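Across the two complexes that follow, subunit A remains constant while its partner is subunit B and subsequently subunit C.
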Partner chain A sequence: MISRRSLTRTNAVVAAVVVLLLVLPAFGSDFFVRFIMTQTLILGLMAATIVFLTAYGGMISLAQLLLAGVAGFMFGNAALSEGARGLNLGLSPWVAVVFALAVTTVVAFLLGALASRTTGIYFLMLTLVYGVIGYTVFAQVVTISGPSGITSIVAPEPFTEPVNLYYAALVLSVLAYIAFRAIGRTNFGLAMQGVRDDPIRMSSLGFNVALHRTLAFTLGGLVAGVAGLLNVWWRKQIDPASINIGPTLAILIIAVIGGISYFEGAWLGALVYVLLNTYTKSIPLIDQIGLTPDRFNTVIGLMVLLIMVLSPEGLAGILERLSRGRGLGKPTQHSVEPPTTSTSPVRTGPGGLQ
Partner chain B sequence: MRSRSRKSRWVLPATAVSVIALVAAGCGGSDDESSDSSGGSGGGGGDGAPGATEESGVKLGVLGECEGPFGGFHEDTVAGVALALSNLAGAKVESKTSALDGWTGATVNGTPIELVGIGCGDDTADTISEEIRQLVEQEGANIVIGPLSGDEGIAVAEYAKANPELTVLSGIAGSQEPTLQVQAPNFFRFHGDGAIWNAGMGDILHNEEGWDTVAVIADDYSFGHTSAAGFIADFCGVGGDVTTRVFPPLGTTDYSSYIQQLPNPDEVDGYFWAVGGTGTQAALEAFVNAKGDLTGDQHAGNLFFNPDLAQALGTDIAGAYVGGFAVLPGDVQTPEIQQYLASADKTWNTLASGITGGEPGPPSAAAGFGFMYGYYSAGVALVEALEETGGDPSPDALQPALAELELDLPYGPISLDENRSGIVDVGLSQLVEKDGEIVQEAVAIIPEVDQTFGGTFSTDTPPPSRDFPPCEEADLPWVGNAIPVVDGKPQE
Partner chain C sequence: MVDTPVRTSTRDVARRLPALTVWLVLAFVAVWVLFLAEGTSAGPAVDDPGRFVVTLLDALTFAGLLFVVASGFTLIFGLMRTVNMAHGSLFLLAGFTAIAIQQSMVGKTTNIAPEDVSIWSWIGPLLLAAALVAVLGVVMHQVFLRWNQGQELRQALITIAISVILADQMLRQFGGLAKTMVWPGAVSHFVELFGERYATSRLFMLAVALVVGVALWLWLTRTRMGMVIRAGVDDEGMVRALGINATLVFAVTFFVGAFLAGVGGVMGASFAGAATGSDGTWLLNSLVVVIIGGLGSIKGAVAGSLLYGTVVAFSPAYLPSQYTFYSVIFSFALLALVLAVRPYGLFGRPA
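Now for the complex of A and B:
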């Protein structure tokens, strides 16, 4: 059980961080705001969809970056009127946004429907297959991309200005965070948690398990699509390598680092990932111990290993334990308890929201 | 206990808030001034590139390649720039065994050239975009040399276009698009592209070797497309016919399914290979397995064909023609080339170059390969342009000077066309057997090739792709102008 005071404290922390992020452009460097934090918020938003599916549905998805990529490719195809590759539909930017999100939602629904009858490792593998197929489709079908992707993508006004894009990523992240938490208290969210914990019982009670999973996957896909749009506006291009297996796993790693059962963890993991990626090579004498820039994957791998040993619930789990005055080696109570009927939407143990 | 527990509850908020605050504060400062200079630029120019005009010196970033198919050439990229600055700007390298440690003391007309960072590319546009943003927006680079690879070149040119205060000199990115399609006014390429490096091959194969039909197999990305496009434009231009085009993805390890798409040896006169990196040998081995032994007189390749292939494939590969690169074939030796190679050996004791498999080897081996030479050319261009401007690195002075440069480089002169892409001499070669060993000998130099191929490629045509250019006859400016090379000596 999570006390009311604890929940209030979590909200206070999140609110304080959001306020800090709102005023960050006033005192943070341009690079930190436009590069580090914008990227963090976008990656965090993508990773939050993994947390959403895992926390409420017990579905660890590796297709979220693909869905973000679908939105990015579709925006590029729709918004550009002339370019080296793609459909060059020449739609107005905001119509292109609607088009991209509509296509992404339909794709997510279809993929979700196909995967809705699988669980656990089979769901994970199936979504991995989605990612591989998606990469191949965009690499091979030159009509919509081809191997060199879509370039010269311009964000709609006013998001051409980097600070505005940062605020867009921040606002959308906050909205997604609130929405994901709120969904846990809705009938749909409660049903999803039931489906996660005991699909057979839920089915016998008359719930359409496959439909619930499909709709959750679709919603996660839509939010991933929003993150994908922010991503192409930030990068100004997208190519199949952007959704290859490496970046796909990076999103999962971000969720794991932060704590795959904590929504806050998605952004926390993204911040750690981006900071490591950016600053590891700047640490004095780091190359003397063999950690040259090409060893970033080793660093991030060690980080994941360390976190998994210290706390399978990621950094957010570690911070929570510290805040409760517990040692790192002891599991939190809620991580070993069987699922209860609590409606608290946020903190979960592995495989179960409590 | 209770009070301690209550106190500890604020560890989480305090930690989260302080982490962000500390990092933000710690990272502030270096580009504070840049917000003023970029804030009013609007549009795509607002990414925070520093105002170079405010800087007194050159803050140079180098985009290297430490991961991916060409990750072994990271050392070569920085070494090229360092060698140019060592030879022409008085730089002293920090290490005699690695160029990655940088240099000190580089100045041109009193303007210091400081290395502010080395980017780590992996052959993808996403990564190189992040790397150049870090170099420019974090490290404050006002001039960038790089990148190495084709798709990266497009991304970097796009970034340059959005940040006019920045000046970019391409390292050795050989796709056509950065200059012909993107057309960033501040992106300069003092080398050829993949198409240029195959100019003249079709002429030789069709008119001298009697090939009428050919199958093309090339990497499925911008450089592979560009390389194949140059051969196709040339071969078809002089009357040949390309019957098949196959494009395996970059990084393929099992080429068998793509080899099956090629016609059999008795169905075409020859094959042209533009498969690079580790794929060259793997693709040719798959060909041997599927279609029978190689015969050199039926194969030709782009710059990735080399004598080392004979170690795995046998000496039957003798006779194969090889496209050009930024450097001339190794048997062409002039005093300028020898002086250039000697300067590399004088600057370093060893370099762990990609050409020596990442192991310490003679620096001249790296300098004699196109990757390092491309970066060297960019370094020379930067120095000579700074000499023209009296040491002024501001975009308004430096960029016009770069555009007008005519470099007299060891492997031949280079000037730029109206799209700021190199007009270069291309050295074609052939694999020949000598004393039981396969060596590469120059056969011809195609002078002053530009990237338009006499109009086949232009700003109005699409970039090279799987089906562009079509196979059509055309007037190529260099047909009949090739300079034959005998025993490494051009026959003027």
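Now for the complex of A and C:
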């Protein structure tokens, strides 16, 4: 239970960080703003959808990168008119955006409905299967992509300028952060948390458990799709390898490093991930301990292992405990028990979607 | 009361709709493969029985390999509710290790011809490599998984981290190029079947899978340890209460589960080669098999392997030639169909 005082402190820190990020382009180097921070915000937004589904639904999803990829591929197919591959629908960019997000939402709804009767470890495995089958579909079906993907994708007008893209990623991240936290206090969010904690009781109270899970997954998929659009505008291309099993696990790893039940953790984890990915080579002595210079994945794997063994709440959890002055005590018993963010009791009568 | 039977029967039909759909789909697929499949790479089975038999054997041999790998995964889950996401890494590590051992046994590192390979320089590396990854699996279980028994998601994330580290270290150690384990010369030739040539090595692989399956079945049904494991799957608390050393049983189960991943890895390295990325592919294959068959059930692993193997072999052969690349969608359709009827798989039970 987060106390009211620490909540305001968290809010103050988050607000300060946002202000800092708003003025960052004025003094940060181009490389830092356009490469590191833009990438961090995009990956953080994708990871935040995993946190959303985990914290409110108890559903750890490995399909979020696939949904981001669906949006990216669909934008590429719709916006280009004479690309080397794909459908080349030649729609105007903003129509293509709507088209990409609509397709992503429909796909998320269908996948969510199919997975809605499972939770926990079954959900994790099923969504991993979604992710890898999705990769294979894009790699094999040449009408929409094929193995080499879609190249020369151009962002809609103001976002061709890298700084504008950075601001778009920042604004959308802040909006998603606020929205995800606010949803926890709506009828729907409270019902989701009830479904997470005791699906059988919620079902007997008249809530449609499967529908709640499906809709949460759809909403998470839509936000992942937005992140996928930013990603494809930033990279200017998308290929199936970028949504294969490795990158799919990387998004989960980002959420885990940050703290899988903290929304702030998603962006914190993304920052750590991007910084490590960019600068592992320069860490002193890393080649002396049996790791050759390029062993980024070993470093990141060891980090996740350490976090899961010692402190499953991740960096955000460690920071919170430090700020409350309790230090690093015993690791908590349950890894992904999400903190109860609501201050009002869960409604006991029918109030959500029936 | 009068209209009750009517309502029940309407509801009955609605409830059985998914099952009816499944039977209709199966009937359509059978008719398609037997009579209608004009313009596909294989052709209707009545016109070209040879291609049908070859496709069927492809399905069975692939299913054999799937079973060996997935049975290890499902055995561990069934007893301990631990999802070992590093199963694919153990598979690939065994493949690479067996290739290295075989190369040192034969005395060459490149251009090993099947004639150079005696049956023992295939089975020896198989057993050694599988034992090695089995020991690694036990160490992993004792160090990282034993003390957080019951925290399924935490265990899954720990094994994901281990798989990322292992994948990176294998890339460092064995390089990014695909390597192949060489079949023994005694099984590297072809047999004639209905006018088609068929590789004996694939039949040999099926035989190995059958031996593994029968041994596993005998172990689980005819030995005391197997009996304890089956009891543990049903009620772990009761097994402990009876004074059985469950810690030892867990360690043995993890050993056997990892050993099966290793055996599968060596078979896979002989059949399709070992390369960076095979670990993810085979983790996925195991997941698909157990999600279809039901987690924790050996019967389910058999059924899941047969179904998935059949779809993988038949869909490219019996799709119209210009649409062959859509065959991957059929794996997904199989998964969706099974989950729509039984959310926990064919032989699965809710947690």
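Rule of thumb we're sticking to: the second predicted complex is superposed on the first by the 316 of 354 C-alpha atoms of A that agree within 3 Å, B and C clash if a C-alpha of one lies under 4 Å from a C-alpha of the other, contacts with A are read in each partner's own complex, and residues count from 1 in each chain.
Rule of thumb we're sticking to: a contact is a pair of C-beta atoms (placed from the backbone, for glycine too) under 8 Å apart; a residue touches a chain by one contact, two chains touch by 3 or more.
Computed from a prediction, not measured in an experiment: that's the story for all the values here.
Once the two complexes are overlaid on the shared chain, A:Phe35 sits against subunit B while remaining clear of subunit C.
When both complexes are overlaid on chain A, the residue A:Val137 reaches subunit C alone and has no touch with subunit B. By the touch criterion stated above, A:Arg201 is placed in contact with neither subunit B nor subunit C.
In the superposition on chain A, A:Asp239 contacts subunit B only, with no contact to subunit C. In the superposition on chain A, A:Leu249 makes contact with subunit C only, while subunit B stays out of contact range. When the two complexes are overlaid on their common chain A, residue A:Ser152 makes contact with subunit B while staying clear of subunit C. Residues 142, 292 of subunit A touch subunit B in one complex and subunit C in the other. On the subunit A side of its complex with subunit C, the touching residues are 60, 114-115, 117-118, 120-122, 124-126, 128-129, 132-133, 136-137, 140-142, 244-246, 249, 252-253, 256, 292, 295-298, 300-302, 304-305, 308-309, 312, 333-336.
The touching residues of subunit C, when paired with subunit A in their complex, are 81, 83, 144, 148, 151-154, 156-158, 160-165, 167-169, 172, 280, 283-284, 287-288, 290-291, 295, 325-329, 331-332, 335-336, 339-340, 343-344, 351.
Per the touch definition, subunit B reaches subunit A in the complex via residues 4-5, 8-13, 15-17, 19-21, 23-25, 27-32, 34-35, 38, 42-44, 46-48, 66-67, 71, 74, 120, 124-126, 129-130, 133-134, 137-138, 150-151, 154-155, 158-159, 162, 175, 177, 181-182, 220-222, 225, 249-250, 462-463, 465-466. Across the complex, subunit B is touched by residues 9, 12-13, 16-17, 20-21, 24, 27-37, 84-85, 139, 142, 146-149, 151-152, 154, 160-162, 235-237, 239, 241-242, 247, 268, 271, 275, 277-278, 281, 292-294, 319-320, 322-325 of subunit A.
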